[in-house]
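Two complexes are shown next, each including chain A; its partner changes from chain B in the first to chain C in the second.
== the complex of A and B ==
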């Protein structure tokens, strides 16, 4: 019975299906005819100024001089003359002091000072004395001469930053 | 003879007897009867004639689709590949990079300015990212006067930028144009004509036509009212804008179908000769205006 019903429906639809097939295909619209046309263009030197604004700088730009320090974001510029000390600390590419607070595995808090030139051991002595009031025991440090860095046990970035800004780095 | 007789009798017998069928077959007398093991819900398998104590898997119901299969499940990460992501940018970060000279406050700040100044390490082609989300962290120290274009903005962040004398606008970029804006040099070196920016999807139309968030499809006259309302809410005096800023808000606005400012879709950039090839045919202009 069900098959008969299907056939009956098919028969009734046949004339609709056939009509669709007989119908001619839609004509190609006139808008598509422009593809045959050759493209004309003008060479403009003036519009390149918009491109020039988008080109990235080839080097890191030097920071401008401000009236007073610290700036709104808390940035302090290094002194113009290098301080007369046996050691020197250079800034990072973001123009901040290279001090990092991190936690080793087993939650051992540690601060690291990078980019040290000259006498590392003289700086290490001064940093030990600086941190002594904030630590219960004798301050633990490690000096790495190859990577030019000093690691200190505990988080002391703020204290060291103030100390180095006062020196003029 | 005897043999001939016997043969013919057997043949006649075979012809008359019924054929061997499946229905006729019977087991041999005294044959062993092997019972198939009962595979019910209570125990599975039979080992060495002993029923082991193995229960069926959890949720198994005999002759039924189990509960956990019948009901569809929706995970936490469902349709995550379709979700739009945004790079967070704080006001403190903006202020710091203005202090360091990486962002030029005299020019309008957009995705290209932020990626060229290395404020965010944006790789446009990385994932499903659609732009920048301006956050309110650092609102207490923000003092720079900037004209920013971001994709989403917080209300307090919007208020602080306008309090300092700047302007904010939110604009939608599709994935393709966001990748192009992150690294325009790589895009121009492909040597293809500049494509057309897409309009926002249906979910985001309400956001980008809203003057409260300074949407780029909203009425500029209503933006002035909303600026006054926001100043009243947070209690500050609106500083007067310069003529360049007013021009940028209304007439000098980037076209909603433009990817790069000032460059018509369909034109090609030549970086070697420092020129832009602009098409003249009318259908290019029609395509750009559509």
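== the complex of A and C ==
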């Protein structure tokens, strides 16, 4: 029943619309008609500098120098010269230490340190000694020389980060 | 029959290597030669031990030598700029006058062979199309009728001669139509592959940097240039800038089998590895360095939600 009612209303509307269309359109007066002449304008680039100030850089900028470290967020700048050690850890493109905590493989908590240059085994020895008080058993590590990474069992990112900041990386 | 087979097996067991060799020899005729050495075992084209070649000693680079070109981008803290002798196509004999500095991110990366392999495999595979195609039982075009009645003939029951069990029947699970093997690699992996290829060329002393690729017709003999550097048998890839005039160099490349030229935008991993030596024009170094370092330090989310940046290349 409702559908029939809707249909009836629609039909009546259609009649009204058609009636309106049939009525003659009001004629446009000549004064309002469009002219074919192009509009006059001038090009100016003066205000484009305000646009350029708003545009962001495509490259990640260098971090600003702070008065004291660590900053409120806990970030520490690397030392100006590379520390005199057999190994070196370079920062990521976001100027953060390349330490990752994850639950892999098989949901095991694991910490991975990337971007290691030089003697990777010397760093592995020091990291083992570093996390020894925090684990119940002998600290388990895995050294991957091809991908230049060290994997440690358990979540130790904070400890390693403090250690590497102190070294100057 | 069984004994005969056993004898065959025994013979195979006694000299399996000979059997394999024979089977290979029948396939490849060039292996029959006694002095054949597989190409993967040949170390270099000009072996100083076999051929009596006088090797010119390259002098060591000291700090006093003037530096022709400095690095544009910022260096990593743990590495110094690499200095390489600058060569010139116009000099018949190498003149160790000036030095060019190269960026360590480009020419001193960690050589990840797995990344290099994935890039080479991608370059060889992405452009290939598999055209192999076989007819299914619906496309044979015959076998509409039942070959023989179901019962009474004493033969196996069959409803159609197109069945894959039949000889000249349709093929099931066969290759179907043109299949593109195109896939995309991560652009970061592609860039890493290029840098690894470049640094391998540098590590193996196969990198030559020339002052410019623009040479006129009155330059000295090109063969003499190659002989003085022991390059007469080495294949070379010369990479030049786009604004350089290389009309005469194109003539040289057309005549010689071993020289190929390429603008910077054509530089790729496969052709670097294919040639023995990589010759870079000094003019491309700035652009190459800027492009690579921009990609290394760019925001990964560029292009979304907009594409308007101050220093977008």
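Here, the second predicted complex is superposed on the first by the 130 of 169 C-alpha atoms of A that agree within 3 Å, B and C clash if a C-alpha of one lies under 4 Å from a C-alpha of the other, contacts with A are read in each partner's own complex, and residues count from 1 in each chain.
Everything below uses one rule, namely that a residue touches a chain if its C-beta (ideal position, glycine included) is under 8 Å from a C-beta of that chain, and two chains touch if they have at least 3 such contacts.
Given the structure is predicted, the values throughout are model-derived calculations rather than measurements.
Shared-chain residue A:90: touches chain C; no touch with chain B. Of the two partners chain B and chain C, more chain A residues are in touch with B. Once chain A of one complex is fitted onto chain A of the other, the partner contacts of A:57 extend to both chain B and chain C. Of the two partner chains, neither chain B nor chain C is touched by A:68. Contacts of A:82 after superposition on the shared chain: chain C is touched, whereas chain B is not. When both complexes are aligned on chain A by C-alpha atoms, chain A residues 55-57 touch chain B in the first and chain C in the second. Considering their complex, residues 52, 55-60, 78, 81-82, 88, 90, 93, 117-118, 146-148 of chain A touch chain C. The touching residues of chain C, when paired with chain A in their complex, are 76-78, 110, 112-114, 294, 296-299, 302, 308-313. On the chain A side of its complex with chain B, the touching residues are 31, 34, 37, 39-45, 47-51, 53-57, 61-64, 66, 71-75, 94-95. Interface of chain B with chain A (complex): residues 92, 95-96, 99-102, 107, 112, 115-116, 138, 141-144, 184-185, 188, 260-263, 267, 269, 271, 274-281, 283-284.
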